[in-house]
Amino acid sequence: MKPLLVLPIILPLAAAAGCLLAWRSRVAQRVIGVAGAAALLVAAVLLLQSVWRDGVQAVQIGRWPAPFGITLVADTFSALMVLLAGIVGFATSLYSLASIDARREQYGYHALMNVLLMGVCGAFLTGDVFNLYVWFEVMLIASFVLMALGGERAQMEGAIKYVTLNLMSSAILLAAVGVLYGLTGTLNMADLSVRVAARPAGGVMTAVSMMFLVAFGIKAAVFPLFFWLPASYHTPPAPVSAVFAGLLTKVGVYALIRMFTLVFTHDVAFTHGLITLVAAFTMLSGVLGAAAQSEFRRILSFHIISQIGYMIMGLGLFTAAAVAGSVFYIAHHIIVKTNLFFVSGVARRLRGGYRLDGLGGLYRDHPWLALMFLVPALSLAGIPPLSGFFAKFALVRAGLAIEGYGIVGVALVVGLLTLYSMTKIWSEAFWKPAPGNAAESPAPPMSADARLMLVPIALLALLTVAIGLAPGVLLELSVRAAEELMNPAGYVTCVMGEPS
Amino acid sequence: MTSVILTTTARLLHPVLLITSIFLLLRGHNEPGGGFSGGLVAASAFALHAMAHDARQARRALRIDPHVLIGVGLLTALSAGVMSLAAGAPLLTGLWTSVHMPGLGEWAIGTPLLFDVGVYLVVVGITLLIILCLSEAE
Amino acid sequence: MATWLLSTFVLAALAPWLHRLLRAATPWVLATYAAAMAVHLATWAPQVADGATPRVAWTWAAALGIEFSLRLDGWGLLMAIVISGVGATILLYGGGYLAGDRRLGSFYMFLLLFMGSMLGVALADNLLLMFVFWELTSLSSYLLIGFDHERPAARAAALQALLVTGLGGLALLAAVVLMGVAGGSYEFSSLLSRGDAIRGHASYPAIIVLVLLGAFTKSAQFPFHFWLPNAMQAPTPVSAYLHSATMVKAGVFLLARLTPILGGTAAWQVPLMLAGGATMLLGAVMALGSDTLKRILAYSTVSVLGTLTMLIGVGTPAALHAAVVMLLAHALYKGALFMIAGAVSHATHEYEPERLGGLARIMPWTATSAGLAALSMCGLPPAFGFIAKEAFYESTLGASGWSTWLTSAAVLGNVLLFAVALRVGVMPFTARATQATTDAHEVSLTLWLGPALLAAIGILIGLSPAVCDARLVVPAGAAIGAGETPPRLALWHGVGPALYLSGLTVAVGCAAFAMRRAARLAGIALRKPAAWGPESWYHGCVAGMNAVATWQTRVLQNGYLRVYLWTTLVTAVGLVGYALLRGADLTDLPLSWDLHAGETVVCALILLATAAAVRARARLAAIALLGAVGYGVALIFVFFGAPDLAMTQFLIETLLVILFVLVFYHLPPFVIYSELAARTRDAIVATAFGGMMALLVMAIGGGHDGPRVSDYFAERSLGDAHGRNVVNVILVDFRAIDTLGEITVLAAAAAGVYALLRLRGGRARLPRIAVEPRTTIGSAKRERAETAGT
Amino acid sequence: MIPLAIVVGGLYAAALYLIGRRSIVKLVIGLALLGHASNLLIFSAGGVTRGRPPLIRPGDEALIAPYADPLPQALILTAIVISFGVLAFALVLVHRAYTAVGSDDVDAIRTTDA
């Protein structure tokens, strides 16, 4: 089913265009927004199913054969990522219905959300480096606008840093693509894979790979390029930061994994060794940053960085088991992190802020919310048998198998520190009595809006538990994704056709 | 700002610019030009109008809301691509047909041209949206 | 056994509803459930005693080697019976203890969650599965210690326990994986036969360190013991169950379980004996120096856990056998004593033994149970504790090499515990009545039945040890390497060194009790050095980590965009530059100055305009110069055969200049904020980056010589795509999807501009503020910005 | 070609220097220059050919070598347009940030960091 490959791009685009056409009607935009996200989710499920059944699939856009036209490729990794985008997109669209204010909806919130999803899916599916740049830009501009939409001061401040540093990343990426074309005469990733491998491994190619590493590293928020993330992710409304936290940085990680398994494997000792080192620092500095925070979303933001470290740790170790661990980690993290930001939004709705000293008493007043926080939070900290445990364990196991004791040690200690900051939120926001609140006064019931916000939260929490109780499905997917990534021959053949 | 000279120039230039823009759009496939430059020229026609009169007048002259123009443009480009899906070919595959134009001979008409029209519309829409908003924000 | 295990978790999930449904009957129902489990497990005993090890397994996370496999051996069976049996009494007791509390439903939930997890630890065959349950016990312990979550002390204690045991958990995880690597399997039953391979493996020392870290933190061994007394913030039923009878035994349980695989070497035995012995003595001394009933009991638990560790370290069949006996005896009497302490405090609202007295008359049932349990703790016949102590002495006496030291330590520890037992188990009931006890009354049935049962069983087994000897204790010992034929348990062992030592213990113990004031003072005196003890290390670690975190965040995430920018650039220059210099031969660059006059002029003009734009003082001048640069670039496009590019560049540049003018009209004039030094530094970094990019362009040297994909476009553009302008054909046909993305970018950008200009949230509430120090007003402003949100 | 390389390097250096200034107005000018730098980099990295635009002449069926490589040109066109959109947004963002913060000093924009 080849059209399945393009659906994740054209469905959100159609939805966005529809929202623009109906831009005067808020209700129509809400309907189109949710419908678009739902359609994307369905398409993503079908795509993954089809890739699982038939293996890597490629479609030559415009029927121009690779490497001349642009090829969209879905292997298990990208299909899985598209599915995750679909899940996050759908959950967020539901959540937004209850939590986004009318003014933002009026000014294009739903259209932009769909543009964002389009860019993300495009980046996951494309098999062409310049096209990858284009999708990054689509995703970025949508995120810029969503970040700034609403015009509050904090948003403006966050957006300035977010925009500037991400534009740096885009500029470096664009330059890298240009140089790569100059060096190889092609843009198709599969073709690049062949041509780079055929070249004598020279310093220039490694330099280009470093440019990609920096460009994607900024987008993925690795050490020491992550500054824009903690400066901005806590400023927009909850659903926006949830989608950013869940999806956006993972696109950078995806691109890193794709490029450094498919194209840049000519100098593994240097490049992947460097990535491992970066991973260690990223994990540590992220989690330490979180420990220093005392605001719900800031803690979560710094944790994204820390967990990006885990994701690229698998890439750095560069074995099939390790990459499988990375893939599993990404999938787990997207679901869990999105959910935690959702919960933070509910906490804000109930208590009026994100600062931990102003929160409290949520466990007593809203035990269900507490449970739904506890599931993703403990999963994030790697407590078994939730999804995060398997993610962390897969990486630890892969690391110890090749005697990467240093990085595994860091990963384990960071796990403990993650637990520390999750319990900090739990202790302050949920256990601690609400400040200034008479202990005996009964809690006001949740508003209908807040209860609607709990629906996507519950869905994602259930998913987290399900992955934990039956990790086999996702594990098999990750293992297969890793096998495909580590042996790109199948990918190349699928894109380029059988070598004549 | 509204001087008589500017108003007159704008009135005279308006149709010229619009025709030029369509010319650029159509010839783009064979000569320098295309939807993007054509769109910019068309937008400049209305921008000039806005400078000569004011933004509200320019909006009136445009008749269509820029938002809608963008939406229509996106959908046009998209449908140019999706048509080939219906024909069983991959997305954005060019479908061509030959049309006999009196005086011009055989003309190849295809979905890539429609796609370029979509680009044209989007460019007109966004340029105007930005310029009109900015000049209204005074 | 899988059914019992899973049903416990299901029951945990349903507990709140069950509580709402059944009300006061809930504890009885739950206790019956747990008791039924204990009885059912006991019916397996004959089979297991015959050497059967029933095993069930399902695949779970096969790719990671995690199987859901359970296996019942003697050691696991003993533990499981203790868990479910003591659990039954605790569920009953807990229902009474917290009767009327609105959180009772979640209390049952957490307690059952713990019970299931602990059963999992006891029954899991797959070591990773065991780890899963191990972590769940830590988690449920966290939730239970913090049960009174509105008190800061409870929250702090919960966190401390979680972090300390969590640290051990990490180590254990690594240990398990390393064992799997060394032994080729994660199944305990498979590893049993591969002990030699693991002991001979290069990572054996690492495995030992990690396993010990895991077990010592869990079982509160020195220097990780401090969390356990603090955990007494938990409600008493929790202390009785988790922090004395079961969870803290998990570490010891694991050590014993792994002894057949890892044991038998000095590397294994010496640290166990040392840490165990130190913990035993330290716990006993601290118990004497403590004030409240629960803290005293907690330290005495620490002491016994030390004893168990030491015995496992000794590792002789007799010692392992003694450990089994001791574990069982301790679970019975200590669980009872904790519950009794809770009942006493419940009745009198008094927590210190010195302030209690005369309760024997007022609380006869409780007093009787206390007496029986104390008898066992004192190690006096006919209680089971006596048999345990005798076995203990015999094993230390029989240990080769260290015998004298071990025995002396054992006697000292037991003497102190003897005094402790009198202090908590006897004194409050027999001493003179006090103010606090006058209004006291006997507690309800639910509160005294559990401890009475446990204490009575302790006496029963003492009187007739055969009820559990051959069926439970021997198989348990056999499973951990104590051999199949240990000495039979008996109350009367005949006169021998062990009996003499017992006598000595009683005599000195009585004396110690008589001098308890002095002993207490000694204990209190020890608190001062304890201030620099391991607990202060914990606080130091947490504080240090927080300090490092704050420092790091202040340095890295300092809020200055330009610092972020320069860090990013320096990273880029460093990595790319290093790679470039490392591998490329830069002496052989394909350089050419081949340039026409007009081109040279344009290049020079671009550079000049750029430099002027950088130095421009006026905004309009800067914009004009920016436009000039753009036009210059367009000219280069013209020179080098790119008319489409040039046209677009001209149009865009014009449009941009208009936009800049429109916007800059509202912006303030340029101000030079930076110092000269900062400008110099920035110029250096920027130039370095620019130089690197220039170098890169030169290194590529005019691009790829081989086939390019554009050759295809050159050939096919007209024939297949009906266009002569190849660039345009690429844009709308060959690479049309790029263009689709591009116009989407435009649409989103326009929507953004529109929204930014029209939607101005929070502006009215935020007056124009000049630059201000963020430390003072920053947080207030954050607050405001926050409340202005959605 | 060395002169083009120098122009590219100079543009990057100037752009980054401006982006790093504390005046928010200079920042956005720097972003505009950055776009030029990238475009010129792609242009020169792809290899340059004088005066042979990739237009198929009437009568020809294909481009006849030597011709300027059309692909980098198409890429640059896309990049120009994208950076135009992004820049327009950034421009207005800077304007709004200035009114919201009340200062054009980038160093004053640091309340959202830790």
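For clarity, chains are labelled A, B, C and D in written order, and residue numbers in each chain start from 1.
FYI, a contact is a pair of C-beta atoms (placed from the backbone, for glycine too) under 8 Å apart; a residue touches a chain by one contact, two chains touch by 3 or more.
Being a predicted model, the structure only gives us computed values, none of them experimental.
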item: Of C-D and B-D, whichever chain pair has more C-beta contact pairs; value: C-D
item: Label of the chain whose CA centroid is most distant from the centroid of chain A; value: B
item: Centroid spacing, where centroids are CA-atom means, of chain C and chain D in whole angstrom; value: 49
item: Chain B and chain D, separation of their C-alpha mean positions in angstrom; value: 24
item: Approximate Å spacing (C-alpha centroids) for the pair chain A, chain D; value: 28
item: Distance from the mean Cα position of chain B to that of chain A, given in whole angstrom; value: 37
item: Residue numbers of chain C (touch at least two other chains); value: 553, 557, 559, 561, 565, 569, 643-644, 648, 652, 655, 659, 663, 693, 696-697, 700, 703-704, 708-710, 713, 716, 724-725, 731, 733-740, 742, 744-754, 756-758, 760, 762-763, 766, 781-782, 785
item: For chain D, residues contacting two or more additional chains; value: 19, 24, 37, 41, 45-47, 53, 55, 71, 75, 77-78, 81-82, 85-86, 88-89, 92-94, 96, 100-101, 106, 109-114
item: Junction residues of chain B, two or more chains touched; value: 30-32, 36, 67, 70, 74, 78, 81, 91-92, 94, 126, 130, 134
item: Category of the chain touch graph - line, ring, star, complete, other; value: complete
item: Residues of chain C that touch chain D when the two form their complex; value: 553-554, 557-562, 565-566, 569, 591-596, 599-600, 603, 606-607, 610-611, 613-614, 619, 622-623, 626, 629-630, 633, 636-637, 639-645, 648-649, 652, 655-656, 659-660, 663-664, 666-668, 670-674, 682-683, 685-687, 689-698, 700, 702-704, 708-710, 713-719, 724-727, 730-731, 734-735, 738-739, 742, 745-746, 748-750, 752-753, 756-757, 760, 762-763, 766-772, 774, 778, 781-782, 785
item: In the complex, chain B residues that touch chain D; value: 30-32, 36, 126, 130, 134
item: Chain D contact footprint on chain A (complex, rising order); value: 130, 133-134, 137, 140-141, 144-145, 148, 151-154, 156-161, 163-164, 167-168, 170-171, 174-175, 177-179, 181-182, 187, 230-232, 234-235, 289, 292-293, 298
item: Complex contacts: residues of chain D adjacent to chain C; value: 1-26, 29, 32-33, 36-37, 39-41, 43-58, 60-63, 65, 67-71, 73-78, 80-82, 84-89, 91-96, 98-114
item: For the chain D and chain A complex, residues of the former touching the latter; value: 19, 24, 27, 31, 34-35, 37-38, 41-42, 45-47, 71-72, 75, 78-79, 82, 85-86, 89-90, 93-94, 96-97, 100-101, 106, 109-114
